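Next up, some structures in structure tokens.
Look at the two complexes coming up: subunit A is in both, with subunit B in one and subunit C in the other.
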Partner chain A sequence: MDILITGLLLGGTYALIAMGLNLQYGVARIMNLANGEMLVAGGFAAFWMYTAGQISPFLTIFLLAPLTFVLNWLIYRIMLQPLVKRAKSRGQLETDSILATFGLSFVMVGLMLSVFGGDYFNYSYLARPIVIVGDTFALNRVAAFLAAVVICGALYLWLNHSRAGLSIRAIAVAPDSARLVGINVTHLAALAFGLGGAVTAVGGALLSTYLTLDASTGVIFTLKALIIVIMGGVGDVRGTIIAALLLGIVETLVASLLDPGLTLAAAYTLFILILLFRPQGLCGKKPT
Partner chain B sequence: MTGTDIRNLILSAIALGICALLPLSGSGYWLSIGVTIAMFTVLATSWALFSGPTHYISLATAAFFGVGTYVTGLGFETLPFWSLIGIAGVIGAVLAALVGLATLRLSGVYFVIFTLGLAELVRQVITWFQNKSGQKGLYVLTDISEAGIYWMLLSLATAVFLTGWLIGRSRLGFALRIIGDDETVAVHSGINSALSKVLLFMVPGSVAAMTGAILAPRYVYIEPSLAFAPMLSFQVVIMALLGGAGRLWGPLVGVIPFTLLWESISSNFPQQTTLLLGVAFLIIVYALPRGFVGLLDDLRHRTRARMAEGVA
Partner chain C sequence: MKRRTALKFAAALALTTSLATGAVCAETIKIGAAAPKTGPLAGGAAVSQWPNVTLWAAQVNERGGLNVGGTMMPVEIIEYDDQTNPGETIKAIQRLATQDEVNFIVSPYGTGLVVAAAPIFARYGYPLIAVSAITDQQPALSKQFPDMFFTLGTTSALAEDTVKILTDMREAGQLGNKIAMVNVADAFGIELADVARGKFNEAGFEIVYDSSYPLGTQDLSPVIKGAKAAAPDAYVAWSYPPDTFALTEQAVIEDLQVQAFYTAVATPFPAFGARFGAAANGVMGPGGVNVDDARFQEYAKAHEAVTGAKPDFWASATTYASLEIFEQSIEAVGLDRKAVADHLRTGTFDTVLGPISFDENNNNQAFWTVGQWQDGVFKGVASRNRDGSVPVILKDGWQ
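For the complex of A and B:
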């Protein structure tokens, strides 16, 4: 029970990060491998605001979200749109965007290393015990989970019950047909990319309240987010959430029963099982 | 075999002979750079054998390389060194086949993601085993000299170039070029695309493991975080793409300048290597999408066009 709840709490934040990546990959069609670095940058921002100005991470995210939205929107417009225009096929865009975002991720790691150094950073915020169904948990984990639930829920409602959300889902399903029915794909793809980046950075700020991060851990989170997106099915919000919770639980199981150093191996086992048995994702439909 | 083939073979043999003389120069510094260049030549060329025609970016080099170093580390006391290289090659090929079977049937993205974490995965598993058995790292103390390593790498490079040349002339190579151009066409003309890709992926897997096995004595002490350093995979990708992955000799053109640049930067500004790697990736994507080789081809076309104009 203890493991189950800890896993769920972790999975909630994972869901947020994977949602960010899913918006970028499912809608903007950019396999953003700098996603984890955006997360770490969000974590850094929260850390810095808290240690320098005693500002709660839960307030920082209100500043962080618009800032990273603009930043990611600019990244898409300046760096990635030329690639989208240049690409002759989906495969070429994938290769190009993988290389470009890899470059971006290394540049970001390099910059963060020179600004903050290579040390681990963490801070103590809301590190009080709280009792849920007989077991004790850290309050910061619970608070981060609740914040993630609120943001995920808002995103879900927005995607499913607004006109912009409908257009975005249309692009995720059929980018070429979306253009035919008068959806401004370029504009919305940039929007989705920016939004995805902002969601990821907020997820990073929430994670930093209870996890220790350093400048070069980003790639691990990129990997986990990618695995979640593939497990849940590309462009599928519900699947992403289920997959994220599943990964959170499995990781916590492995960490507490076997060895904390094997979390990535756990994620990979799930990944392989999905690839072998349900390559279209947990909730995805079989391609016709 | 045509006349140009024979001429190229003779030229390559002469170049190889000159390279083989490097250890006789007596300079330890240049020999050590020579070993690094030879290592990346082997890795980048074998990488491009797979990723050139298929356009799939493999980031698994570090995983295979690390497995190779561990084969040497665990076996050098009981088995002769040459057999370890063979064993590493076989293990690398089997590992590559498993990875390929799991991912290459599906789209290329799954393959990239899978290889991205493969080194980290193997590292975690080995660390876990070591924690269980209570040992930390391995000492590899052999009497193999730096020059010996250099010559072994040079022979491996020769083998890789020959393999690449033979694949290019074989049915497999032809099939792969079609797959790279248009996979749908390839499947419709009766090519088993997944099988061809898996077979080809076994080449860089095996070669990278053998390279690791050869280089293990150079490290003297190996531990998971050293043997599976993910940076290696990225360096190989950069070098191969910088040179141009479309030609057999393309990666070589990227390996030599990048190694020299890397050496000078990592000795002068050790903090900035990650930044350099990032900038190199961006330059390749935006300025050199086909590498130096593409640049050369463009130049040649232009001069040829100008000469044709001059004649007319």
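For the complex of A and C:
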């Protein structure tokens, strides 16, 4: 039970890391390599608000979400849309966007270095034990997990039950046909990219309550997010959630029962197995 | 075509003029520095390395520069980010030596990066005073690179003194016999854990939990829970910065009751004390300094005034001392690199840490090995040949 809950909590962390990238890659078709930097920037914002004004990260996110949404929307409109327009195929867009966002990640690391310096930053927030069915867990992790549940749940409902959400899913499934039925693909792709960026930044703010970050740790999160999105299936919220939880539970199982040194090996074994037997991801659709 | 030639000529002229003016004000001493500003070690370098380069240059220039044969020459620092990538470190050192033609180069940061750069220092004839490079390979390295010097101690000394502190506590009846030990699965953690494991066994300790975890693990609660289940009397983690914080936070949350708690890199950082406050009391880590020493206090004050940040309680002062050593050597024998290297071998240098000299293996024999947070400062509790260590205290809960 202890292992299961610890694993679920870690899975919640992973879901926060990967959800934003899934929206950006699955819908807007931008393989955003600056995803981790956006997460660290969100963490920085939460850190700054907390140390400067004692403002809880759980309040900061309400300010952070609209701000980073606009920022990411602008990044898409100004920097990425020209790439989308000129791309002749999906493959070309992927190459171009990988290169462009790779550059963007350096710009963001440089900006954060100059604004915040290269030092590690962390703070103590809700670092208290909480007892769930007889075992102790960190309250900040539990709180972040609950927030992840709310965010993922809201996204899932929105994508499945609202008109904009359904249109976004339509783009994810068939961008060319979506245009034929009167969906404004450019507009909605920008929306999805902005939303993805906002979710990532909010995730960063929540993660910063228990992880130690510095200006150049972003790439670790990008890699983790990439693995989870691919495991779960590109463009599917359920897939990302399942993959994140699965990864969290497997890593915790291995760490607790075998050896913490084998967690990475276990994570990548799982990744390889899924790629071997379900290359489209857990919930991904087979390419026709 | 003509215009292009004219342009070229103008450019060449401008270049010559600038070179000529450069030669006129060549009264500066150029000091190169290549260390991480980005990448995994950037956080550590931002605390221990870069501020000291800034501080030293500011202080030297405030005095009017270094006295080279009667002329006061200000120093100019040329900095490169090596992205925590040994390939980039090598390129940066090469560039500093061949293009920037600097007079001296500050040691890179991190054992792997320093060792990777050592052959380049040797090839271009630059003396290397390594600081953040802790290894037992020092005799072999200094044999291969005669102008490479070491200041911060060896892996064995760090591990041995940690074991010794715990042994002394046990002999004094303060500590039981059970040790939980974990390490980050990285050259640093593995080497230290190997040495410590042998020493713990030799000292008759029982290692009840022994495990490693990969660098960048995002949830270390299984590591603490596993250790807690083994009911140890002392907990020792050969950890790196993000995990040093995470392990300590988990220990607080799990209320891990041990009489001695040790985490490695970043424990002596001011950020650690700020982060854990009273809970940090009694936490041990590598390094330490004599915080009551007036020279250190003066240095810490200047560090905060110039760079806006506090120095750490381990490598910071040693990094600064390595620059003081350069300073004194240059003032003694001038800018000739060979002469400086020979002077380093024989001289004794008066630094913020006290006198430093190098033995036949180019190793500084006086350094701190174990420190402990006591009432908001990280005090040295064990050292090799340094004065001012304080008695160790028991870890008394996490209030």
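The working rule: the second predicted complex is superposed on the first by the 271 of 288 C-alpha atoms of A that agree within 3 Å, B and C clash if a C-alpha of one lies under 4 Å from a C-alpha of the other, contacts with A are read in each partner's own complex, and residues count from 1 in each chain.
One rule holds in what follows: contacts are C-beta pairs under 8 Å (C-beta built on N, C-alpha and C of every residue); 3 or more make two chains touch, one makes a residue touch a chain.
Every value quoted in this text rests on a predicted model; they were computed, and no experiment measured them.
**Q** Look at where subunit B and subunit C land on subunit A after superposing the complexes, then choose clash or fit.
**A** clash
**Q** Just subunit B (first), just subunit C (second), both, or neither: which does A:Ala138 touch?
**A** second
**Q** Once the structures are superposed on A, label A:Pro260 by its partner contacts, choosing first (subunit B), second (subunit C), both or neither.
**A** second
**Q** Which partner chains sit in contact with A:Leu113 here, subunit B, subunit C, both or neither? Use first/second/both/neither.
**A** Both subunit B and subunit C are touched by A:Leu113.
**Q** Go through the superposed model and pick first if A:Ile220 touches only subunit B, second if only subunit C, both, or neither.
**A** Both partners.
**Q** Look at A:Asp96 in the shared chain and tell me whether it touches subunit B only, subunit C only, both, or neither; answer first, second, both or neither.
**A** It touches subunit B, and subunit C stays clear.
**Q** Between subunit B (first) and subunit C (second), which does A:Leu63 come into contact with in this model arrangement: first, second, both, or neither?
**A** A:Leu63: touches no partner chain.
**Q** Who does A:Leu166 touch here: subunit B (first), subunit C (second), both, or neither?
**A** Neither partner.
**Q** What residues on subunit A does subunit C touch that subunit B touches too?
**A** Common to the two interfaces on subunit A: residues 109, 113, 216, 220, 259, 261, 263-264.
**Q** Report the residues of subunit B in contact with subunit A in the complex, numbered from low to high.
**A** So the residues of subunit B in touch with subunit A come to 55, 57, 102-103, 106, 108-110, 112-114, 116-117, 120-121, 124-125, 127-128, 131, 230, 234, 241, 271-282, 284-286, 289.
**Q** Flag every residue of subunit A that touches subunit B in the complex, lowest number first.
**A** Residues 31, 33, 82-83, 91-92, 94-96, 98-100, 102-111, 113-114, 216, 219-220, 222-223, 226-227, 230, 258-259, 261-265, 267-268, 271-272, 275-276, 279 of subunit A touch subunit B in their complex.
**Q** How about subunit A: which of its residues touch subunit C in the complex?
**A** Subunit A reaches subunit C through residues 2-3, 6, 9-10, 13-14, 109, 113, 117-124, 127-129, 136-138, 141, 210-217, 220, 224, 248, 251-252, 255-256, 259-261, 263-264.
**Q** Residues of subunit C touching subunit A in their complex?
**A** Subunit C reaches subunit A through residues 36-40, 42-43, 45-47, 50, 182, 185, 211-214, 216-223, 225-226, 241-242, 245-246, 249-250, 252-255, 266, 269, 271, 275-277, 309.
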